[in-house]
Amino acid sequence: MRPAELRALLRRVRRGTLSPTAAASAIQTAPFERLEFATLDHQRALRTGFPEVVLGQGKTPAQLVAIARRLFAKSGLVLATRVDPAGRAALAEAFPQAETHERARAVVIRRRKPRPRRAGATRLDVLVLCAGTADLPVAEEALVTARTMGSVADLIADVGVAGLHRLMAHRKRLRSARVLVVVAGLEGALPSVVGGLTDRPLIAVPTSIGYGAHFHGLAPLLAMLNSCAAGVTVVNVDNGFGAGYAAHLIARVGR
Amino acid sequence: MRPAELRALLRRVRRGTLSPTAAASAIQTAPFERLEFATLDHQRALRTGFPEVVLGQGKTPAQLVAIARRLFAKSGLVLATRVDPAGRAALAEAFPQAETHERARAVVIRRRKPRPRRAGATRLDVLVLCAGTADLPVAEEALVTARTMGSVADLIADVGVAGLHRLMAHRKRLRSARVLVVVAGLEGALPSVVGGLTDRPLIAVPTSIGYGAHFHGLAPLLAMLNSCAAGVTVVNVDNGFGAGYAAHLIARVGR
Amino acid sequence: MRPAELRALLRRVRRGTLSPTAAASAIQTAPFERLEFATLDHQRALRTGFPEVVLGQGKTPAQLVAIARRLFAKSGLVLATRVDPAGRAALAEAFPQAETHERARAVVIRRRKPRPRRAGATRLDVLVLCAGTADLPVAEEALVTARTMGSVADLIADVGVAGLHRLMAHRKRLRSARVLVVVAGLEGALPSVVGGLTDRPLIAVPTSIGYGAHFHGLAPLLAMLNSCAAGVTVVNVDNGFGAGYAAHLIARVGR
Amino acid sequence: MRPAELRALLRRVRRGTLSPTAAASAIQTAPFERLEFATLDHQRALRTGFPEVVLGQGKTPAQLVAIARRLFAKSGLVLATRVDPAGRAALAEAFPQAETHERARAVVIRRRKPRPRRAGATRLDVLVLCAGTADLPVAEEALVTARTMGSVADLIADVGVAGLHRLMAHRKRLRSARVLVVVAGLEGALPSVVGGLTDRPLIAVPTSIGYGAHFHGLAPLLAMLNSCAAGVTVVNVDNGFGAGYAAHLIARVGR
Amino acid sequence: MRPAELRALLRRVRRGTLSPTAAASAIQTAPFERLEFATLDHQRALRTGFPEVVLGQGKTPAQLVAIARRLFAKSGLVLATRVDPAGRAALAEAFPQAETHERARAVVIRRRKPRPRRAGATRLDVLVLCAGTADLPVAEEALVTARTMGSVADLIADVGVAGLHRLMAHRKRLRSARVLVVVAGLEGALPSVVGGLTDRPLIAVPTSIGYGAHFHGLAPLLAMLNSCAAGVTVVNVDNGFGAGYAAHLIARVGR
Amino acid sequence: MRPAELRALLRRVRRGTLSPTAAASAIQTAPFERLEFATLDHQRALRTGFPEVVLGQGKTPAQLVAIARRLFAKSGLVLATRVDPAGRAALAEAFPQAETHERARAVVIRRRKPRPRRAGATRLDVLVLCAGTADLPVAEEALVTARTMGSVADLIADVGVAGLHRLMAHRKRLRSARVLVVVAGLEGALPSVVGGLTDRPLIAVPTSIGYGAHFHGLAPLLAMLNSCAAGVTVVNVDNGFGAGYAAHLIARVGR
Amino acid sequence: MRPAELRALLRRVRRGTLSPTAAASAIQTAPFERLEFATLDHQRALRTGFPEVVLGQGKTPAQLVAIARRLFAKSGLVLATRVDPAGRAALAEAFPQAETHERARAVVIRRRKPRPRRAGATRLDVLVLCAGTADLPVAEEALVTARTMGSVADLIADVGVAGLHRLMAHRKRLRSARVLVVVAGLEGALPSVVGGLTDRPLIAVPTSIGYGAHFHGLAPLLAMLNSCAAGVTVVNVDNGFGAGYAAHLIARVGR
Amino acid sequence: MRPAELRALLRRVRRGTLSPTAAASAIQTAPFERLEFATLDHQRALRTGFPEVVLGQGKTPAQLVAIARRLFAKSGLVLATRVDPAGRAALAEAFPQAETHERARAVVIRRRKPRPRRAGATRLDVLVLCAGTADLPVAEEALVTARTMGSVADLIADVGVAGLHRLMAHRKRLRSARVLVVVAGLEGALPSVVGGLTDRPLIAVPTSIGYGAHFHGLAPLLAMLNSCAAGVTVVNVDNGFGAGYAAHLIARVGR
């Protein structure tokens, strides 16, 4: 409950139009909704600027649809991530307007059409880079998330450090974005190199692409946490969603 | 062998109604039963207050049914956990009275109907909380275990720390229970927050729900072991059974 | 703020003896105290039944004394754990009544003398067992904690599983306690053996006593988390304090 | 070399005032300076907006002073972090104007006096929160870094999750800052709780404060990487510098 | 080449019946056989007392049969372990006399019938104990191995430490064997308890039976390596073969 | 851009046949090609002596074919590794001249026929040794890679340390090669033994063949990194490609 | 209590010379002795063939002397391992007859002079091999332990696999011993090589000698657990005592 | 024994000038020397091209001097690495001609003066690069080793990836060396970037410089093992010696 609401409520108590018991109850009762298997946090948009996002992992298709229905009814906007094919199919069937992003494993359901992306805009909010072709699903999850939240975002693929000139050709573009998201598997060196070339906040995303002593993403995760380039922060392995979300929050700082 | 039994047996030796050799044998022979692949511990209820529980993992359906038959014959109560679908089907077929808990992967077989749960009871023995919808199977394993052992138990789902007000709305209920079981995946922060709100013993259960640097439950396990809230103890990742069992033992302390 | 307090406050608002703004501030302002380097939680005893405990690790002697002074003034009872020799000396100098437990690295400061321990009491609240002589500091931390909180507690040392008869001789005593705390280093097998002999809740405490593939306590920690004895919960390596605290909470369940 | 510079240089080639060989050399020679043991990157301020920062770890006092002298001569501003006492003493002796931050282990040397902090400013660039008193050195390293770079920054200490009301009292202040840095040891739960209360970008910093299964910061590091609150990014264990640096970059996005 | 063979060969050189070049070649050429994908070590029985054993893991059925044919031709005895169902079928088809041990995943092929086990023998070479029903496959691999090599061996199943009396009933039998093999999953406590009851060499075998913080056998492996019972040595997780092999070597020491 | 090319370009600027803007663009634009999901580095052969190699892992068959087409068009030589069966089939269909190495999971596509291997050559560039039959796929990946790059290479299989004489018989051959690649799973001891017998550079390749405390190759990886034999360097677990590539580079040093 | 003793005791009950209550007490009371900080297991020699061994780690000098006094009084033989210099000095002062083994960190106290080692004996019970000079302390702990228990034992130092001929020169001696103990740090390859040369049981001891990715002994520990040589069992890192103890038990099998 | 020697010896047997028994003994007796604590491998230079190198770690000053004396007498060249200050002082005192490399912790003792380094030589055998000033000790160990073995070697310090232009300025020099050794702590990205710029064999050396999630060198070790640049091989953390040794072996391939 925001301070203004609380003061308004207390004024009603003083005026006698609300009993103390009812007021106590209202103060202690939060605006959420309890399903059998979930407690939906309808107040999250007020607190954090965006409705609750649905993590598809570990939820059945039926649970996904039920949760999405309630969230959509309240906020008109649902973003579901890490949704497996069965879940994606169930959501697509339940919501004709659902946009499914196969490679990113994400589903977006929204009431209004998103504003068209300004094609010629040289000023980007979020620029996503990825080191290899196999890192694309994670990079696209970041892209979809940032765009769904309202950022102008773009993606450059396959600019790993073994061929630096590919990256160098994009130097100007690197400087045109407010925030950078850099996705890399294998040794995870790309964020350090990009971080040394720019003064933008940079979110590094390790991916699980690799084998052997890669330990499913541990290698690039440790590398990114130890980056010699200042200004680099890190999210979990394969967490494109988290990177895109944080990037959007950063891009709108100062607005 | 309990002390009273031992003294009785020794008195029979003195009276000459039992030979020293037979007595030595009796003292050293324990009441268990040997199947080809298992040694059933029929004395466990005497020692620990509850018959042996069957861990389904790694047992074939045929082994499960054979073990359950012997335990049921002796104690009239069988609890089997981590039973895969084939095992659950085999037990359901062998025991018409079996109650199967699909989500919790547990099977309960008992001779007598359980006493009906007191609906209006405000005093709970065990309250199980879980952070996310995907943690429900583990939370329900805890619930089924505690109830099967005789506790009055209940469950509140999906009250993770990213929306604290959902939890706060249950503060009174938290204080009405003798023991709390708090189940969480991801970063495992819920036990610390709940532990700071209450003076109840709290058993924290990490789950394997997460990805990447979650390492199949290592992240919340370590978090819970390092909880800044005093009074928190921890069980193995996904060990709802262990939490429910310990919670029941704690709830009946002082009775 | 407890519900009764909140309702009383709201009634004052209705009566006009408290302005809405002042009430809003009171509702949102918690009773804590801010030092330069710490925010003391004076309300903790109300919430959790015991004042805030001071973790000595990482605090300078001057910080320890300053924090202890404020806590003592408010609650008359201070328990400080993991206090290094310099910190123990500083507290002993600042508080003449401080009781210092060298082996347990703990300091207790209290206004009233503790009630004398009932010598002949056969009914224990908490019984602490430890596997080896080298585990004693951790076991004593648990003992001091439980006793400081008000439990009747005792300790049996050096009853490791390589000589089971030492443990068996204490079987009756095991059953006389409400809760057991079992402390073990090396392979950490003692909790499993004790857990199979009793129906009491059992808190297992791994210690860092060992070498090589012991990894500073990881070996017994993993062993205890995987115990085949039901009813075992675990705390962090060397966390005698946490075990003693939880044991006290459990021992008073049902009172 | 920035594009404008390159074009200017090429124009000189066309005019014949610069030979192709000299131009090739200039294009390929970067503005850095080679000491016996270091290669100073004087161009970094141009590229990233701030001069090279000196990581004190592993450098001798003599190396530190030599490097600081060269950087100071070029840029008039030196920030050295993780400087041990001997290194701090050497820098203080070599630079009378050096500001030494003992707890943060940092040294700042600058030509101009920093602008006075606006005392009554309600709008903060960076707000640093820390969970416990023992986390203060890391939190202060973040604070010093952000302020040295030019951010208006502040610090709230000891607001861990075991006493949530301490944090709740600062809710308004949380929303007044552009970026949050949240520092926590033990289980590292604070970023998740704060992240659920705000729509600000949040940088989480795990610390090595803990013991046993804490593994020198691994526990909170994993917790933060798995945070259920969106918008959280993470830096290395004890890396207050990295958090403060990234926070400053973020705070100035959009300016 | 054994010393006697070498001397004989050198005498032939002196007599002139063997040229130095041929002798040099013979000294440096070992009696093995090269297939396309394997180099069979036919000399192993001479060196180590038993022909080469075939590790089935990672070999195709065709490779298994080819290797077994060559080994069988040379030594008349083949033991293949960790053979998957396809491999077992291929061997059974290729060798009508093959004995397949399904649970142990082992295949034995031998020319002569094994000598019948002396039924009433109270003196065992090797006694295998296992803690739980699910550990049986590993225990049986040890049993099959020891018997195939010629030991009189037996197995007692499901005598875990949560019901010590089951183990105690076998104390006399424990002392009748020359060597003990103790197989346990979960926390791996059984070897410590058995080791404290006997003066026999004891080989501990951790199994991968468990979940969560068991890490596929790491928990009991570490426990066994840190056993407080002296005389315990350890083999790899699930390595029943290695334990049975070493047990046989030990049992025949002094013969 | 190589220095000579740069100087030539600058001379054209001086002559006025190239505008400064066009030159700046050319200097900053690298010769690569952007597909939707990949950025092909056609300049790599110039820089590193061999065209870009395609890592099959994580790429779809369609992506593989598209990338191979572009690389083949430019360089006439494609090496794809870690290609799954579907990818191998797609490449074989798209390129009639493709050579598929099933066991090595590699595909080679080249315009010209490779020069025939000199059968009687006693001087090898690269000799690959492997410890066990199950290590063959990795060893063959190294072999295929070295041969594709132009080395004269050979392979000796199944010469593990448990039967040293098998290795000793090849001592002369060990000394005939310029570089050795030694592939081993299990405990990874072979490189140490071979390294002590020769003065050749030796590349050790751990494989994931093993179980239990092998941790998918961690055991031999650590062993090889700690080898007591000097001159041993190591590549990632199962990285036959990397070993073959490095071996080829080494073999041509000094040519 | 051994069976014969139990039967004797029961016969006294039948004869009426022992009351049932006293007999019950005797059966349940084990022959151990409780000090303030230790519970001495005087019955261990009966059970396991050797008195309790004192692990010096974590015990104060005063505790060591007190425990040694009691054990010496009962059994006339004390072996203390991992005793730090202060503990060794205290034991040497308290027991004039104490033999101190500085490098092995062990102290032996015995009433009778040990029987002189048969100098010319070609038949060894235990042969200890170590790979490097730095592994000597662990190897000597094994040697002292085996000799103190009564084995004829010897040591060959510095025969690591990088110079195999050093080992080969001892092949005959390898075969003269009943049991082998092989101690190695770095990559821990020696047990595999020795194990392939002999048919003796072999106990492998990893040491903590190494650095970097050695992880204090983890590298050779994993290598030894994965040894391709059958018949190898393993003890904890640096556990020379455990190896010597087990070797002695094995050497006397069949006597 | 080299083949030529063996044939010569066998010819003496045929001529009757050597008895078969003496010949057998000579064939089986290797040219090494046994000290009390070490077995010196005087034949190593024959086998591997360089005398045995002394690893100082874990050896006392007296052991170091004794070993060095024997090696020096035989080969006239001693290289000792990882020698602590006491060991360095002892060697310097015992050998007046000893060259001590403080930062590299290495000591070189040689009979002949090394040939002067060709100052103007543009062709290097080995070029060592290091990422940061704190990595210098490891880089210098590599440099000293390569030079002691006879390579023409040089070192470029502090060219980390956060300021790529520093590295780019050395591109020509990179291509002038036969082999590259690249030393890096923190995230260990430098080998990947350098590897993408050159066609030289590259040995990557991770260092323990870093903190927190660096895990004493694990982070760069994993990064280097997963490098996306082909041709990179890796040695142990901080193993400058191993890198320098392997680099020398590689540099002389083809000579």
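The first chain written gets the first letter, and so on, giving A, B, C, D, E, F, G and H; residue counts start at 1 in each chain.
The rule is simple: a residue touches a chain if its C-beta (ideal position, glycine included) is under 8 Å from a C-beta of that chain, and two chains touch if they have at least 3 such contacts.
Quantities reported herein were computed from a predicted structural model and do not represent experimental measurements.
Asker: Counting hops between chains that touch, how far apart are subunit D and subunit E?
Answerer: The least step count works out to 2.
Asker: Under the over-half criterion for shared residue numbers, do copies subunit E and subunit G use the same patch or different patches to meet?
Answerer: Since more than half of the residue numbers are used by both chains, the interface counts as same.
Asker: When the contact pairs of B-C are compared by residue number, which of E-G, D-H or C-E has over half in common?
Answerer: Same contacts by residue number as B-C, out of E-G, D-H or C-E: E-G.
Asker: For subunit B versus subunit E, what separation do you get between their C-alpha means, in angstrom?
Answerer: So the centre of subunit B lies 38 Å away from the centre of subunit E.
Asker: Whole-Å distance, subunit A centre to subunit H centre, using C-alpha means?
Answerer: 49
Asker: Could you give the separation in Å between the centres of subunit D and subunit G, each centre being the mean of its C-alpha atoms?
Answerer: Taking the mean C-alpha position of each chain, the two centres sit 54 Å apart.
Asker: Would you mind listing the residues of subunit C that make contact with two or more other chains?
Answerer: 3, 28, 44, 47, 132, 162-163, 195-197, 212-214, 218, 221, 225-226, 230, 236-237
Asker: Mind giving me all the chain pairs that touch?
Answerer: Final set of chain pairs in contact is A-B, A-C, A-D, A-F, A-H, B-C, B-D, B-E, B-G, C-D, C-E, C-G, D-F, D-H, E-F, E-G, E-H, F-G, F-H, G-H.
Asker: Mind pulling up the subunit C residues that touch subunit G in the complex?
Answerer: So the residues of subunit C in touch with subunit G come to 132-136, 156-159, 162-163, 165-166, 168-169, 171, 185, 209, 211-214.
Asker: For the complex, give me every residue of subunit D touching subunit F.
Answerer: These residues of subunit D touch subunit F: 3, 6-7, 10-11, 13-14, 16, 20-21, 23-24, 27-28.
Asker: Which residues of subunit D touch subunit H once you look at their complex with the stated criterion?
Answerer: 28-32, 35-39, 41, 43-44, 47, 52, 55, 57-59, 63, 67, 82, 206, 208, 216-218, 221, 236-239
Asker: For subunit B, which residues are in contact with subunit D within the complex?
Answerer: 131-132, 160-164, 186-189, 192-193, 195-197, 210, 212-215, 218-230
Asker: Quick one: which bits of subunit A touch subunit D in the complex? Just the residue numbers, please.
Answerer: Spelled out, the residues of subunit A in touch with subunit D are 3, 47-50, 53, 172, 178-179, 195-201, 203, 221, 225-226, 230-237, 241-243, 245-246, 249-255.
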